Every structure is written in C-alpha cells, then in structure tokens.
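These are the structures in question, set out in turn.
In the two complexes below, subunit A is the common chain; its partner is subunit B in one and subunit C in the other.
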Partner chain A sequence: MSDMDLVVEICGSAGEGTISAGEILSRFMSEEGYDIMSFDSYPAEIRGFGKCVAHTRVGRGEVLTPGKYSDVLIALNDIHAIGQLPVLKEKGILIYDNKPPKYHLEDQSVVGWLEPGMIPYGIPLTELSIKASGNSKARNMVALGAFSALFGIDKTSFIESVKRRYGKKKQDIIDSNVNSFLEGYTWTLEHVRKIDPFRFDGTGAAVKRDQLIINGNEATAMGALAAGLHLYAGYPITPATKIMEIMSKELPKKGGIFLQTEDEISSIAHVIGAGYAGKRAMTGTSGPGFCLMSEFTGLAVMAEVPAVIVDSQRGGPSTGMPTKHEQSDLNIALNGGSGDCPRVVIAPTQVDECYQAAVLALYIAEKYQTLVILLLDFFLSNSIKNMDHPSPPDPKYLNTHVLPDDGDLPDFKRYKITDNGISPRTIPGKTGGMFFATGLEHDERGKPVYDTKSHTLMTEKRHRKHAGIAAEMIAPHITGCEGAVDIGVVSWGSSAGAAREAVAHATAKGIKAACFSTQFISPFPEQALRDFSKRCKKILVPEMNYSGQFANMIARYMERPMERLNMVTGLPMASEDILKKIEEIA
Partner chain B sequence: MPSNDHYVIIGNGPAGNHAADTLRENDGEARITILSQESVLYYYKHKLTEYIKGKTGEKELTVRPSHVYKDKRIRLRLGQEVERIDPLENRLYLKHMEIMSYTKLIIASGASPRILPSVSNFGKYLALLSSYTDVLNQLPEIRKNKRFLVLGGDLISFKFIRMLKDMGKDVDCLLYADAFWPFNLTTEMADAASESLRKSGVRVLSEDGLKAVKQTDQGFDVMTEKGHGAIYDSIYAFLGMVPNISFVLGSGIDTDRGILVDDHLKTNFDNVYAAGDCAQIYNPDIKSYWLSVGWKNASVQGEVAAMNFLGAGHVINPSPKKILNVEGFTVDTSWWEAFE
Partner chain C sequence: MNTTRPSYLDEQIASVKDKGFLAYRTGELPTWCPGCGYFGITDAIYRACLELGLNNEDICAVSGIGCAGRFPVFMNVYGFHTLHGRSVPVASGVKLAREDLTVFAVAGDGDALGIGGGHLPHVARRNIDITLFLFDNSIYGLTKGQSSATTLYGQKTSSHPGGNPDSPVNPVKLALAYGASFVARGFAGEPEGLKHIIKKAIVHKGFSFVHITSPCVTFDKLNFTWKNLKENHSPIDENLHDVKDMEAAMRMAEHERFKLGVFYHDSKRLSYHDNLRELALKGA
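Up next, the complex of A and B:
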C-alpha cells in the first residue's frame, strides 16, 4: 500500500537483542526507500535486566514522530510486553513466542492480555532459534523473519541487509543470524494464516538509498566534527554519553583532543580553557551535569570566551529519570547562573537539524565569543532517523576568529566597546596581545573595575551581540494553513515534529491550523512570532514540562492568553495528544 | 461476599456467548473467561458469504462489539487455543504454554470441517472455509481467482457455490452424496441438488471422485475417476463437520464423536459441561447419544448448560422438526436427527 504508515515495537529484556533487532528493521526499511523514525527505551541500568523497547515507525511520507500507538508488537519477553499492550492499536498485531521453554503461570503470557480485535500470531521463537543457531539468543532474528513473512517483505533484500549489519563479525555469527531469520520466515509462511490487512509493497524492488541512519547525538557529533571541533571534554551522563563515545574515537583521528574529565565542572573548565586558547571546544551533558557547569557559564560570558555546551535534557529535577524524556531544562539553559548573562540557546527539532545546529553553535560561539547551549533532549538524542549525507559546512562557518589588526596591539583592548559587541581578540602567544581574562567585571583592557559606567557599558556590549546573532539565526519553521487560522501551535525542540504532524492531521479534518516552531530560543525570532500570532484566533503551546517554561518565556512577546499542553510522562510528545487538544479548543 | 469462582468457557460461538451471558446474569461476582481459538469477535456465520461478496461489512458480521464484554466483566481471550484439559486438577493447558485454572468449565468449541478418507491424499491442495478466520485468510484469493472446483455435498457447499456464481466465477462441483451434512443425501435428493446447480451454470460431476491433483504454474491440474480433467485456481472442500474436541481426548472426559453429556449437558465430571456442536447429548427416550447442529440449538444449550452450572437442574429438550429448502428439494430435520 502506497500510504503505508506502520509503527512496530519490539519488546524484550536488556541483552535479548531487542534494540539491535529494531536497528536492523529500521536500517532495512530505510534502504528500501521508506522514511523511518526509531526511538528506543531501555532501563537506566543499561544492561543485564530490565525492559527494552525498540520502537520504529515506517512510512512512505515524511515521518515526523515515532507515533504514540503501535500497529505491531513483537514480544521477546512476555512480562515486559504486557506493559506495552496499552499502546497497541485496537486492531494491532502481536507476534509472540508460543513455545517458550516452560509454561507460563496464569496471566503471565502476553497473548492472554490481548484486547478483542487485536490479532495474535504465535511463533515458536525459542524453538526455531535453537534449531537455527543452537541457542535461544537469535529469537530476535526469528521474530524478524516472521515479521517479514507476515508483511510481504522480500527476504533476499532483508538478508543482504542483515549481512551488511553483521559484516564485520565472524562468519558463524552472520550465518547464525541469517539462518534464524530464515527459520522464522519459512515457518511463518507455512504455518501462520494471515488475517490482517498490512502488507509492504515494493520491498526488494525499490530504488536503494544510501542514507545515514543516525540519532540526534550522532548527528550532533558529526556536525561538531565537521565544524572543526578541536577539543571535547566530558563526563558520562545519560542521554549525552553517545556524543562522548563518538568523540573519543573520532576526534583524535582528526588531530583533536578528547578528554574524559573527573566531573562536569572540570569539563566546562577545559572547554573554556581551550576556547581561550583559540580552539573550538565543546562539552556534552544532561541536566544534573549542566547544573554543575552553571558557575562556569557565567565565566564564558563574562570573559567572552567561546564555549559550547550540549545539554540533552532528561526527566528532572536532580538526577531525576535518566532514561526518560523531558523538556525541562529550558529555564536553566536560558537563565542559569548569576547576573545578566546573555547566552545563545539553540534547540534543534529534528535529528537532521542537530548536524547544522552543532555547526552553527561552534561558529556562533567563536565569532561572537560567547556561550552557546545546544539544547537536545532524551528523545532527540536517541531517536533514529534516516537522512541524506550532509554537505560539508559552508566555509564561512569555519575559522571565524575576529582578530585585531597588528596596529591595535600596542594598546590592545581585548574588550573594546564596539557597535556589534564583538571585540577583536588575540590568541594567547601573540606578541603584544596579552590581556586579562577574568570573571570579574572589567574595563576594555580586561582590568577588573567596579564602577557604574564600565559595568553598564560592558553589560550592554555583551547583550548587543545578540542583535548580530539574531540576524544570522535560522528562520522559524511555519507549516499548515496560510492566512487567518483558528489554532496556531507554537512549539520548540523535539516536540515540534509532533506539533507539525498534529497540525497536518487537524487541517485534514477541516480545522484551520498552523504551526510555528523555532530552533533559536535565544535570541528569539520575536517579530516572526508576533506576525504568526496575529493570524491565530487561539495559540496552543505544547511542551514536555510541567510549568510551561517555553510558554512562560514567549508570553513576553505575545500579550495574549495561550492554551497550554504540559506533560511529564517521560515519553516524547505525541501528535495524538496535541491533535486532541486542538480539537478540544478549536 | 465476593466469589472466588472462575468460570471458563471454551468457545466464542452462540453456545459460548449465551452461556457467558447467562452466567453473568445469574452470578455477578464470579470471574468469567471465554477462550477462543479464533482471533475475531463473535460473528454471524451465515453472513460470511455476503461478506465475501462485499455485501456485508465487518460491523454487520459482528454480533456484538468488544465493549459488551467489558461492560459485563467477561474476559474475552481470542486467538488462544486449549491444548489439553486436566479435569482432576481443574486446569487448562493452553497451546501458547499457559496454565489456567477454573472452578467450572463449559466446553462449547463447535465443529470443524472434516476431510473424507477418500480425499485425504489430496488434503494439501484443498482449501477449507468454515470460519471468519478462513475467510480473512482466503478472501484475496477468492476474489482474484476465476476457476473453482468445489468438493461438495453439505449445506454450506451449496451456499458457497451460489456465492461464487453471484461473483461471476466458473464453478465445477464434485458432488459427494455421502458427505452431506448434517445427514446423508438420498439418491433423489442428490439428483435434485445436481439439477438445481446445473441450472445455475455449475458443472456437476456426480458419482465421481478425485483421482489426481497436481499443482502447476497454471493452477491445480485435476483428474477425476471418470476421466474429467481441468485446471482450477482453487479447490474447496465442504464435506461436513466434526465436533472440535481434539483437546479433550485423553483427559478423562468421556467422548465419542463429540463430548458425551447427559440431558443436563453435564459430562462425567461434575464441574464440566458441554454445549453446541461439540456436544453429544444423551436422550433418555431412545437411550442413545445424538449430535445437534445449528445456531439456535447451540444458543439454547449454552443457556441451559450455564443454568445447570449454577445448579438449576434444567433438562435439554429436543427441538421440533423443521423444514429446510436445499437447492430445490425439501428436507425435514431437527437437531435430534441422526448425523448419518
């Protein structure tokens, strides 16, 4: 069917191959020309026990969200999978192991909890895995074989994809996976009577696409590396650790420096040190780590040192929910730390935007000599999307130091008051270019001063930079109906995909709606929002935090009441929830 | 005082559903579970041909929506097959490897298509169609294919052939007089049926049988005993039904063709009852067991079994004879008629 839009969940215990099965499925579907988005959830303890869910949405059209409800649930673990049944659609399909090694006690089998209307397909996953590979570890591949047989997926193409996935492994591992896939495929064709309408068309025949399949963390790391990152200092923390892992491998290859520091305070200190030395530097963390870095954010701004912090938000406050999604670090990103401390905050809305956002973050930090916070979140960091290979960054974003003329050096004013707030700076070692760099208020030479005039001038100078940054920022993304609309949805960060999708559905239902979303939070596209607001009867602001941090922030630009949709479910914003709210208030 | 009873009903047809409703009406506390091999909601079997033709939708085919079960606090577990029963321990072993306990059990598992020994060698080529699941599975093929061979002889086969003709299909029918269900055709009846089908454009091959079937790229290459050869896209067999009781065999519950029950529908275990097409009911008047067929009979038996379950002591009575008109000839029958 050409309008195929299918959400598949694979649910198992950590270590059962749940996530890798989801990855294989996503990769194959992307290769076959489908748009995909995946979002995995796993226990905070990472490995050994606990529930894992690999969630993949496959569509012919643009896939903006992972989808709240699933069409297919593949259960590798009955007890865990029972917990996923509430999100299985009314006519959803369950693929489960109907020959586990021993009997379940009553009500501990996932199929026992299916609601009428759902369709169970029992496959002897364990038996077939043992038959094909000698052990039960390949149940995930048996399940993928069954899935492929049920949904008309070309087995030859799928096997080729599996071989590519395991290409660097030993031959017996590749054979074990392929054989298990084939066992599941063949058994299903021979024994299962299909009674559901789902069927993929064109697999095995579609034009193959060479695309990247990456998550937001990977896209961010790629962007930073492409933008000439020289130093990455970090301390592991979910959900940002993946960036650090990539940097540890890739940065040294490019002649850069990777440092795992003793804590987050040390990380940001290293970044500021490198920035002071004229090198592009970045750190990555999450809310708890960002809190520790707060003191140094002020130093970067006050001393006008380039620094980039990636904050991938998770459920908070404190250590909160490490593996759950939330958009609740906006306040601290915008306002954390002491004093009037202007900083740039960029919150990409999609995986592919993370790449360009990282390039921009390093560029802006260097050119404007300031702090840039790249605000990701758990969902964006971990959601996997297919995207075209990005073009290398425009050279204008590389090496953008604003250096002083040699003629200025004899009387070098590192913090010279300028119209755009940017003062030429020297790289340490430059003869005659020495200056004080301090967190204390200072004069144009950097010498600490506390007089009214200097503080006023310097505060204005630091804030003036934002006018220049605003002129370079990415324009807001506006979708939906043109002209006057009943509902205008204003969104940010990873919730924007759900907002756009909800608006598209609302429009299809005859509701005049439009969506405004922006990657730039600070500076903010104020006039664009005002213009958008003027054509909306009602404004709805959906976000994944309790207090409406974004709505509170934009209230200053729009002196009008707003409808809010605030959720703290630990899950990504769902278009279904926004659509429901739109329908309620339309 | 809350009941700890768990009433389990195997079967989601008229007997099972009437039993469940009756139990809930008379016991507001007990847990009630219906287990069904099929994955679909309770449906009208007689509307399946209209559904295949596209004249009836899923909604009209379904007897009741799923929320009714929730409203009545009846747990409906679809697509879950019983593998065996342990009536001594009051346990069911489900095929997907789950053990379920019950305090009382009603078996209302209906009947399944049978394959006559004379065609069993060709079983892998024969399509059977007796349920909504069969229809959902085979619908694309039925709609797509043009040439059908129907091994027929039972009431359902006539209905299926009529449907195929309405859909503009080419149909040949191999008439098996000994396969008529719920009873055998007399020669006169078989002749009358053949004549009626021929008038509808169906080529009827009577007093003949399958000799060879070969699957080729063009379809099923069929040769009959009398030398009729043709190629078909599909071969359907409607050769009667047999009680669906394989999971009961060896459990200690008495069976013959069906599950043997007394005229209160009770088996040889006090807390196990059977109703509908799977039950073989004792008739004290003739001192023998009889099978019954039909939606109405199953419904009544479901209610009676449920009431007796709860201690009512109702006796099941034979329904009166009724007249069926089958392909132009008249049949007198009732659910006490002999199976063959």
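Up next, the complex of A and C:
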C-alpha cells in the first residue's frame, strides 16, 4: 500500500520507555515526509506501574485525527495490552513479547486474547534486549526494530534518526539503543513470515524533512514568545502547566518576566497590571482556575486593559476530570463574569493553528485594549503533530499601541468615544499623559460616573470594538462538497479535525456533505455560517460536551434544521462517531 | 455688592501653591466625609513625593475597592482603581513589567486584610519593590459600617449590632511574620511623622508595608476616634529600637499596638528583580 494510513499503539507499564518509543517513531516518520499525530495516555499518578499508551497515526495525506481504532498494537506489557485489544481493528496486528512457556499465569498472555482474523507476530523482546544491551530495558527499541523490519522501514535512516535524538547523551546509551533496534530488526527479518498487507514505501529518502514535532501547548507558547510576550504569570494546573514551564525557561532569555503566583486570581492580576504598564502579558489555566479569574475578566474589559488568558479545557464541572478531554468551558469563556462584557474568544482547531492564534490574541488584546481568551482543550494541549517551522509574525502584529497625539494630552480623554471603539491610550512614564483607570463606569476622562448617558455611550463603545476585530478575524474553514449538500457539519475547537475527516469519508461513500469550522467564536462569522447553512439540507453540530454549548450559541444563525452529537467520553472526538451520525441522518 | 473672598484665603492658597505639592493633586474633589483621616494620609503622600522629587508620570498608584480605593482619583499620577482586595497583585504586575516606575498599592483594611489577605505573604516573600499603604479605619466605611478584620472584639457595628464576636488581626505583626523587608506604622493625624515614614518606605528597595491608622468619623464614634487615637499613639524611640532587630520588632508589634514609626527595615535583602538577576548570573 503506498497510500499509507496506519495507527500504531505501543502499550506498556510506566518506566518501560513506552512514550519515548512513540516519540522516536513519530519523529522518524515526520522526517521521512509522513504526517503524524500522536496522543499519548499515561496514569495521572506519577508513581507506580500504571498503563501507558503511545498512540500514533502515520499517514501520507493530511492526518486530522489520531484515529479511534489501531492497526498495530505493540505490547511491552501483556496485562496492560489486553486492555487495548478492544480498539485493535478486526484485522489488526499484534507485536508481542514471545516469552518462554509458563512465563505467564493463565489468561495473562495478550496473544491468548486475540480474536480470529487478527495477526500476531511473536518476537522475543526480552531475550533480544538482554542479548543486545545486557538488560531488559531496551525492549522498546527491539520492538521498534521488529516493527521496522515488518513494515519495510529503511534501517539506516531509522538509526540515523535515533542517533540525532540521543545526540547529547552518552555514547553507551546510544549504542545500547541502536544495537537493540538492530537485534529486533535482524531477528524479525530472519524468523517472521509477514502475512499483513501494510508496507511503508517512502522511507529512506536522501533528504530528510526538518519539522517541529510539538503539541498545542508548545505551539501556543512559541506563538506568544514570537509575538513579544513580556510577562507570563501562572499557577500549575493540568492540562495547561506545560505552557508555564516553557515560559519559565524561555521568557528570561528574552528579557521577559515569568512569575509563579499564589493563585489564579493573582496570575490574571499580574497580567492586567503588566498590560496597564504597556507590556504584553498572558496567563494560562484550565476551567477551575479560569473561574477564579472571572472578576478580572470584567475589569480588563471595563478599564480597557489588554489581557490574554489561555484556558485549556478539561472534564468538568468543578475539579472534574483533570486528565480527560472535554469542550465544556465555552459558556464560561463567552459569558463568565458580570454585566455586558464583550470579549474575544479564539479556539484553534489544530496544533499548528495554536501558534498563529497566540500571535493574534496578543495583537488583538493590545490594539483593541481588551480581553482575549484562547480556548484550547486537553486533546489540543497534549496531542503531538508535525508542523513546519513557523515564520516570524508579520511586524504589523507587533507593538500595536494606539497612542494619542501630544496635542491631545492637555485635558487627556483616555476613554474618548470613537467610531471604532478604540481610544488612544498613554503608557505610564509618558509626561502629561496621566489618567485614572477604573472598573467603575466612567466618563471620557476616566472619572467615575453613574449617569444613564455615560453608561450607555461607554457600553456601546466597548461593544463597537468587535466590528473592527471581526474584520481581522481568521476566515472559517470550509471543506467537502460545494453547492447544495445533504449534510453540513458545523464544528469548533479540536473536534473540527474529526468533522473534516468524517465529511471526507462521507463524501467518499457518496453522501453529499460539507464541513464548516471556525477558530473565532467571539466575534463570530455570522454571515458566513448563515450562507453555509443555506446550502445544507440538515446541519449536524458535533462537540464534546453534554449540553451542546456551541450548538445553543449558533442556533440563532441557522437557516436549516439542526441535529446535535454530544459526547462526554473524556476522549477526543472521533471521526467514526461523526460519520455514523451523518449516515443516520442523511 | 462685594463678592470678593476674604484676603486671607488668597494668601493661604498662594502659600500652598508655592510649596509645590499641589502638582500631585487632580482637579477632583475628594468624596470622603468631612473630617475623614484619609485627607491627612493623602496630604502626607503628596508631600513625601514632592520631597523625593518624584515625577508624576513615573508614579503608578494602584488601589482596591472601598473608601481607600478612591485615592488614585485624587492623585495626579497613573492611577488604576482595580478590584476589591487585588491592588497588591496588580501593583506587583505593574512593577514586574516596568521596573522604572515607582509603584504604590493602596488598600483599606477590608482590601488588604480581608478579601485580599492571601496576597500579602507572597508579595512580601518575593520582596517586590512596591509600597503598600494600608489605610486602616477598622470598618467597612463605603458599605456603611460593617465589621472588618481590624474591628475590635465586642465593638458594635452594623453587621454586628450585638458586638463583634471576632478578634482583630494585628497588621504589623502579620507583615513581620510574612517577611516584609520594611514594616512601619503611621497615623493620619500625624502627617509630618507619616510623611517621613512614607519617604523611607518609597526609597526602600523591596516590599514596604505601611500600616496607617485613621478614624472613620461617620461609622465609629466610640473606638478608633480622633481623640482616642491621638491619646494612644506615641512614637517609637529611635534610640532604643534597632530597626534591624526582627525579634524586637515582633515584641513591639505584639505589645505596643499604637506605636508609630519604623518597626523593621532590612535594606540588605535583594528585591525580586535583583534576585532574578542574581540567579541568572549564577546560572550563567
């Protein structure tokens, strides 16, 4: 098969090198020009012998989802791997440790649980690991050697890739890994008869592709750093902690400030303080921390101070499921806090989009002097994707303060009513530019007032900014059939990848379908959605929450009947589930 | 008809203008009640800034909510009236982003010791170079006289008409225990002494905690009145108290609740920015 699309799961116990084997495989396949997407799972508890699964999908075309079912299961630990068999496809392949008889207790050998039609390849992983490296720790590399031999992967290229990854480590560690790989590779070629159809044809190219292999948190942090972030204040919380750790390391190198605060209230307070002082600032959190920030979101909008909050959603409500995926913070992102409080909400749909979304978030917050919420989720934060090295942001996105003319400074109207809602602001230190900012309603000079006219004019001014922001928003992404279709799938956030994939499969099956997804949730591309819905007979809105938060929000723009697909599995949206629903209602 | 003002008023205005500290005032008339102690505190802050020669545009005053929260409305600097209890972390954010600015955090007793009490230990242990002015009138004034964290035990308030069942916190002792590198107490009725304390606090490079007692003339007619505060307050004898001695400061904070002056001053400790530079040098 040249049009390769393979889902590989490596399953082992914590400490067996399961996740690192997945990383090595992902990196190598990306270098060879394949698209990859990985989504690993490991125990929430740090210690112990919990189950780890490195899940990677490798494809020739654009890989949009990690895939719900696997083609290949590599079992480093039999007991744990038995639990992964339900997601192995009907004709799936098992690579397992072919240990001596009686090694296992009855029923604890994974190969004993295979269904008819599945293909087992027994490899003496432990024995070969001991032979090659003196201990059983290198079973992951033996398994990768066996995998490479079975699926026609170029041996030399793979070894070069491993060497690049371990470049800074000691020579004996590199040797042990390479030898174990070769041991598995050679043994498999000599002893195993291949009976499955899968084969990678494209490996071993002379020129390797140089790409980033990163997750959404990393892409977000990279984007913010490239956009001139000066201060990051944060409090540890899953799944956003990684952003904080990157900032702690990278910001000081750029002359910026990283602060670990006492709570999320303090985080957003520091961001708003820095924003007031004229610097780009950001915080990152998840649902529970975002709740604590609600009061400050109102202050940012009212006092017109730039602020960016990253909310990586997890299972809720309350502490909920910290290491599980959900898209259920949309309501609080759009409506949290008191009063009429227009804010910008951007929800990237893919890892590479996180980078540009972070740049845009800081730009919009600064130029429009308002609050921007970057809505990620557990899956986007943790899924790993290959992406091109991003080019530096367009200078128009950097340093975008709207400053007053010196002639305006005597009797300076900081909150001047303007057509676009943006009032020129002074930065502390500017002579004669002193002003008073407040969360109270105020007049054009910032003086607290409570009269009908001022509150009306100021409320309108704050809302007017959204027209300008809407003109700068990223256009919705529309795929699938053109013209009239039977089913239009409307999606947001990380579910959009699954929606696009489902629509592609539906189209291939002869169903006329199209997909609409948008990164901008507020302001929202209303007209584009109205136009899209007009060419659909039915609309389907799949999302990972119970109440249909996005569907409820967009119902008012719908010109056609709307069906919903709501799931709270704690797992990323699967294209298979959307496709099933499409077929049901088509 | 003669409508001219009495000539002594013009003379007074001229003499005040000559002194220069009016430059720190805005055109807004303070909204505090006549007789409020906060006028005295504000006056002392203006004079301290004048004597230190600070430029208006290089000062940022961040306040919380309550009577004290209105302070930046009346001071001609970069003012930011934030949320209840949050002046300290916002001021800290301003300072971290802009080391060149002189940053004040203004908080009432409800702000700094009630709703925002959780931020104090952290700004103190980080030693962020801001000055906290704690305007303490021992009452929630703007909401009309409820008990605060410094209201006396048994004091009758609108939230505790039968007497306050809670005991008050000791703000100076708290600040010392949290590790603030500069801790002092002033009194709104002693603006000259308060001014000297404020000058030292602003110059100190690190977190300065200035506890300022002040009467609420509207909602407390019995306890922290002008008369009682004036009678009880007395200055710290600078010859007998060593401001570098933490134990002596702690003892005095515990036993002398009305002493005025600098309790503790550690000028050697590095500020947050200096610490970052120090760690970067070690890491390099």
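We take it that the second predicted complex is superposed on the first by the 574 of 586 C-alpha atoms of A that agree within 3 Å, B and C clash if a C-alpha of one lies under 4 Å from a C-alpha of the other, contacts with A are read in each partner's own complex, and residues count from 1 in each chain.
Note that a residue touches a chain if its C-beta (ideal position, glycine included) is under 8 Å from a C-beta of that chain, and two chains touch if they have at least 3 such contacts.
Values in this document were obtained by computation on a predicted structure and should not be read as measured data.
Visitor: For A:Leu114, decide between first (touching subunit B), second (touching subunit C), both and neither.
Guide: It touches subunit B, and subunit C stays clear.
Visitor: Mind working out whether A:Ile195 is in touch with subunit B, subunit C, both or neither, as first, second, both or neither?
Guide: In the superposed model, A:Ile195 contacts subunit B only, not subunit C.
Visitor: Does subunit B (first) or subunit C (second) touch A:Ala303, or do both, or does neither?
Guide: In the superposition, A:Ala303 touches subunit C alone.
Visitor: Answer with first, second, both or neither: which of subunit B and subunit C does A:Pro100 touch in the superposed model?
Guide: Once the two structures are laid over each other on A, A:Pro100 reaches subunit B alone.
Visitor: Spot which of subunit B and subunit C makes contact with more residues of subunit A, would you?
Guide: Residues of subunit A touched, subunit B against subunit C: more for C.
Visitor: Looking at the overlay, does A:Ala281 come into contact with subunit B only (first), subunit C only (second), both, or neither?
Guide: In the superposition, A:Ala281 contacts subunit C only.
Visitor: Classify the contacts of A:Glu262 with the two partner chains as first (subunit B alone), second (subunit C alone), both, or neither.
Guide: The second partner, subunit C, only.
Visitor: Applying the document's definition of touch, where does A:Leu440 land relative to subunit B and subunit C: first, second, both, or neither?
Guide: second
Visitor: Tell me which partner A:Tyr397 touches in the superposition: subunit B (first), subunit C (second), both or neither.
Guide: Touch partners of A:Tyr397: none, neither subunit B nor subunit C.
Visitor: Look at A:Gly122 in the shared chain and tell me whether it touches subunit B only, subunit C only, both, or neither; answer first, second, both or neither.
Guide: Touch status of A:Gly122: first partner only.
Visitor: Residues of subunit A touching subunit C in their complex?
Guide: 230-231, 233, 252, 257, 259, 261-263, 265-266, 269-279, 281, 295-296, 299, 303, 428-440, 447-448
Visitor: Touching subunit A in the complex: which residues of subunit B?
Guide: 39-41, 66, 69, 76-80, 93-101, 133-134, 136-137
Visitor: Within the complex, which stretch of subunit A touches subunit B?
Guide: 96, 98-100, 102-106, 108-109, 111-112, 114-120, 122, 193-195
Visitor: So in the complex, the part of subunit C that touches subunit A is made up of which residues?
Guide: 26, 28, 55-58, 60, 62, 72-73, 76-83, 86, 89-98, 100-101, 118-119, 121-122, 276, 280
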